Amino acid sequence: MEKLAKRIIAIVIIAGLGVGGGLGAWFLFLAPGAGEYSWSSKDCPGAPSGISSDQIIKFGITGDVGEITGDGAWEGCYLAAKEINEAGGIKINDTTYYIGVTREDSDEANPNLVTSRGIAAAERLVYNKKVQFGIGGFRSEALLAYQEVFMDNEIIFINTGAATDVFCENVRSWYTRYKYFWRSMPINSSSLGEQIFNYLFRLIYVLNATYSGEIANVGIIYEDLTWTEDLVTGIEYYFGPYGPLPAYRNMLTANIPYDVTLTAADMLTHVNTLMAADCDIVIPIISAQGGLMLMQHYATLQPNFLVVGIDVQSQLDTFWTQTNGDCIYEIQMQSIHVTNKTPTTIPFWNAFRAEWGHDPLYTASGSYDALNFIVWAINETQSLQAYPTLTQKMETATKANILANPELFPSSVGGLGAYWPTTHDLVAGYPFGFTLFCQWQANATKVIMPSYNSVYIDSQLSNIGTLILPPWLITDWTT
Amino acid sequence: MLNLKIVKEKMNEFPSYLKSWVKTFTGSLTIFCLLILFVMPFLSANQSFTHVFLRQFSLAMIFAIFAASWDLLTGISGQISFGHAIFFGISGYICAYLIKYQSFPIWISIIISTVVAVFFGLAIGFPLLRLKGPYLALGTLAMSLILLKLFLMGSLADWLFGSEGISALPGLAATPVIEYFILFIFMILTFVILIQISKSKFGTILKSIRDDEVGSDASGINTTKYKIYAFMLSSFFAGLAGGFYALYIGAVNPTGNFGTVLSFFAILMASLGGLATISGAALGAFFFIFLEYALIEIGVVEIGNLAIDFGLYKFAIFAVILIVIIRFAEHGILKPLLERLKDLWDLLLGR
Amino acid sequence: MLEIKKIYHYYGKAKALEEISLKIEEKALDAVIGPNGAGKSTLLRVISGLEEPDRGKIEFLGERIDKLKAHKITKKGISHCPERRRLFFDMSVADNLKMGAYPVKNKEVYKAMKNFVYELFPRLNERRKQRAGTLSGGEQQMLAIARALMSKPKLLLLDEPSLGLAPKIKKRIFDVIEKIKQEGTTTLLVEQDAVLAMDIAENIHLLEEGKIEMRGTKKELEKEPRIKQVYLGI
Amino acid sequence: MGVILEVKNLTKKFGGLTAVNDFSFEIKRGEFIGLIGPNGAGKTTVFNLISGFEKPSSGRIRFNGIDITGMKPYKIVNLGIARTFQLVRSFKYLSLLDNITVSCLSKRGKEVSKKTGTDNYASSILASVGLIDKARIPPIILPHGDLRKLQIGKAVGTNPELLLLDEPFSGLSFEEQLGITDLIKKLHADGVTIFITGHVLRELMTLVPRVIAMHQGKFIADGPPVQVANNKIVLEAYLGRGVKIA
């Protein structure tokens, strides 16, 4: 009897396992339409409820969930979509459409990159969520792999985070395949270098004029990683013995690469080296914690140099509290700040702060511009067809056309949004894509520095402050 | 090393051996699972299915091959490798280079890159053979880190395609379904070969080296020779997986193909399934890939006012699940799973 | 003082101790001799609680201790100086002695014992700061004995103190053991070197394959041909 | 009966310690010979040197006329010297049959297994050491005595001419010792030269017709057991200096 009961239980369990597993698999994977995402008004911020899936223009955002660059891309797109939807969406051939945004985690900011996760994210967006446009990307290696999914499916993808030249070179060399690829942020690394050097030359010139030639030595301190290489080579060239400008030759007296895992004690040694080399200006090229340590030692030791360069963490408004105000007097570059780069920059800045409670990162402004750029092209052409209609329309956003008729083009927040038609890359240089130089000043305020008209025309920008030198530096330079 | 006559004998008795194997519980279960895997692509013409889920199956199969190759070296032969990404990555790079810059056909590239991986197995196995246990593990780890750095930075990086690697490779096949079947066939081949090796006299010798190297030496076995064979065989299959992975992704880059995390994937998958079982590696790989995928897929779950983002904490949750499994099944899930199923089956048959 | 009653101990199937009975009087120096593998070390391990006997009783000062854990037995006053001198090789001589005095809580006692030990082994006093691992074989043996003495034991168990030492040094160690005995510490010595052991011990127990084959004083045993047979098999 | 093993002036130093000191002896083919000495005399070191697990500091070892000094262990096994270890070693996750199979796959083992088939050869050895009914189980659950038998089986699998047995009786019960004794006697009867160490002498001294004694690495005596046991130096080595025992 007992045996029979056990047998019945076994039959039930096995049948349950089989049927349950089969049905589960059926519903999850195999049923018609299974695994497909159903779009609704909850994906369209600011849109009225109850809109149908057909009324949604679907944007997919790739990036790392829970990490600043990926979140930035999402926040920018979300804000852009919300603004458009709240304004009533867009009309294409008398039908109203709303903007839908969705994101997938590509885990690309992970130092231990697992490329297949980026691919899976892109595939989910394209096949599962059936997006019509893609925005995002941050890590070059990851994006190089998963951009192919978008290209395969002829979906316009706008990169808002990876600076490598390869992407846009692809467009030039294999247009038939890569014509759907665009970059709205950041400006490419060679243009970036150009802007930094221009600024440094002018700054040194101006300081030397004021303090009778006190600036004689510069030093660089940088993370020993691939992305810093070109910039360092440039600095070594311009301030080295064979520089093209005689006035700046032989100025480089300290050249400090460091491993990103350095400790505060290591940084102290480096700062002492910089002081011993008698540097007057120190150029950091830093993306990680190093900047924080540098500024902490700077505030304590009060060395006789000024810090001017790239410090990614210092772009965030949280840097002041992180360093407890030690970052004061640091000058670093960032893409966007509260200024009239374009007429929409300040409204965007305020709207973003109102929506998310913090300052936008460069990926946020880039993706905001990217979404608006696509929506502009859709609106202009009254079409959703990527090629040739939309692509051709987007390719008219050239430097010359925008300067001639700025009112015909979308107003982007990071600079006048012009693109090279052959590479689909962002045009760099005032007033298109340019970098701002900002200084941390008393009471956690961050002020835009005059570039002495070398990178941007100072008189054209609002919120330009004055350079404030640390008191100990003024004493040193005037005596 | 290989006795041809014995191989021939085995070949002759193969059909009957196969017949009796199919009748065993493990045999029929294996055939059942393979059948499911075989019919899967035909069950749905849904685009989302083929491009998203089937591709995950393909990924799992690549990692199954990779994890099984690790299991041969570490589980069967006892040579602990923490740097298996060496073979995986080098093969991927060679494959990508041949296809992209030498216009070699895909299959020739895969064969050449696998052979190169075997040479790397030889080149790395040889100097590291004097190291044992944790020191060998550290040695292989160091080797993989050196290779990663070599490809990533310094003046060599320009020559070795730098941090961006090689991209825009053609896929393994025109459609995900064909890709799936190619990988399916190669996975079965790999597992048949590796399981046969582990059951052969050769496998017995490898296991004896794992259990007691001195004792194996005292039994008259040239342990050095066999350890090198193990390294070469393992790197062959790791290289095969590496080549497939490069084509699956469509790009290679230092972190994505040499990263230590890949070595740990192999270790985790193989140990999750069950060390020294070979087939455990497949179970582990499928389990691993789909658990990770499910956590990402579930995304945000809202319970009342509380929103738990599984996507955000996926790796923490993932780690906890793995720890719990390893805590309760320290020899992997394969054996306990088979035993439970067998118990159930026996009950059903009234035994 | 210590009474062992019919102790049995097995390793798997193999018998290590069989019906061992022993009685040690206060302030006595007893020796257990026998060839290697006879079970001498096992006997000491069973007394000091490192292994639990399978059968039998051990009484120390009238108290049963055969079920107690090793650290509790140490507290009762039995100190075991193990075979092959298990020292803390990376610690200094002085620190090794401190470790030996671990069960002693009284500072005065500790100081007194330290002085006593250094007096006993002036050599160790000289090398106080040296690492134990750098000492010579004889010195290490001295340190091992000294360490065992630090806890001011009532009963000292010495396991093969002469193992691997040159004859001259052996002699020196045994002189010290005699001195310890004269100071009033009860000692149970396990030793393979029958001649040396018989020279200093009052009662000698001959062990063969886990059994006590014979016992007596030096005079009684000296003429026995059995000893040779036990040692050499013939 | 020719000389099978010739050891000349063998010396092994570990740092400052001389474990084997200018040690010489010969073994004839087919002999049954013991190596005795008190604990720490250097018996195991002598075995390690002969079987190649340690390299001598100086001196020569010849086997069948071939100089095997400093050769790798597996090569020495392939020439015909097999050994067992004082602490039992086994492949703990392999079945007993596979434990033996590994030896049968060595060069000399294969010469036999080629004719009979590896599995047959391995099972015949397993049967001869009396473990055939446990062929499929792994050694971890085996009692100590069976492990000693397995060890001997593993050594026999390599088809040796000379068998070195290091303390084959230690840790065994009386009955188990008897079993091993029988096994060794049988092997000797089959023509294997046997060289055996032990510090528990009761079994050993009655088993072998000839013993070599060593103390602190040095050779001290050679001859029939009774003669060696009455040697004054041997007695002193075991019982201590100045022994007066009759």
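The first chain written gets the first letter, and so on, giving A, B, C and D; residue counts start at 1 in each chain.
By our rule, a contact is a pair of C-beta atoms (placed from the backbone, for glycine too) under 8 Å apart; a residue touches a chain by one contact, two chains touch by 3 or more.
Every value quoted in this text rests on a predicted model; they were computed, and no experiment measured them.
Asks: For subunit A and subunit B, which third chains touch each of them?
Replies: Of all the chains present, none is in contact with both subunit A and subunit B.
Asks: Based on mean C-alpha positions, which chain is nearest the centroid of every protein C-alpha shown?
Replies: Smallest offset from the overall C-alpha mean is found for B.
Asks: How far is the middle of subunit A from the middle of subunit C, if each middle is the mean of its Cα atoms, in Å?
Replies: Using C-alpha averages as centres, the distance is 76 Å.
Asks: Can you compute the centre-to-centre distance for subunit C and subunit D, using the mean CA position of each chain? Integer Å is fine.
Replies: That pair's centroid distance is 33 Å.
Asks: Averaging only over C-alpha atoms, locate the centres of subunit B and subunit D and give their separation in whole Å.
Replies: For subunit B versus subunit D, the centre distance works out to 43 Å.
Asks: Taking each chain's centre as the mean of its CA atoms, how far is subunit A from subunit D in angstrom?
Replies: About 74 Å separates the centre of subunit A from that of subunit D.
Asks: Hunt down the residues of subunit D that sit against at least two other chains at once, touch-wise.
Replies: As it turns out, subunit D has no residue touching two or more other chains.
Asks: Quick one: label the inter-chain contact graph as line, ring, star, complete or other.
Replies: Drawn as a graph, the chains make an open path, so a line.
Asks: Output every touching chain pair, sorted by label.
Replies: Going through each pair of chains, those in contact are A-B, B-D, C-D.
Asks: Which residues of subunit A touch subunit B in the complex?
Replies: 3, 6-7, 9-11, 13-14, 29-36, 65-66, 105, 111-117, 119-120, 123-124, 126-128, 140-142, 144-145, 148, 164, 166, 170, 224-226
Asks: Can you name the residues of subunit C that touch subunit D in the complex?
Replies: Touch list, subunit C to subunit D: 11-15, 35-37, 163-164, 167, 192-197, 209, 222-225, 227-228, 231-234.
Asks: Going by the contact rule set out above, which residues of subunit D touch subunit C in the complex?
Replies: 38-40, 143-145, 170-174, 176, 199-206, 225-226, 229, 234-235, 238-246
Asks: Show which residues of subunit B lie in contact with subunit D when the two form their complex.
Replies: So the residues of subunit B in touch with subunit D come to 201, 204-205, 207-208, 210-212, 214-223, 276.
Asks: Sort out for me which residues of subunit D touch subunit B in the complex.
Replies: The touching residues are 51, 53, 72-74, 77-78, 82-83, 85, 89-94, 98-99, 101-103, 105-109, 118, 154-155, 157-158.
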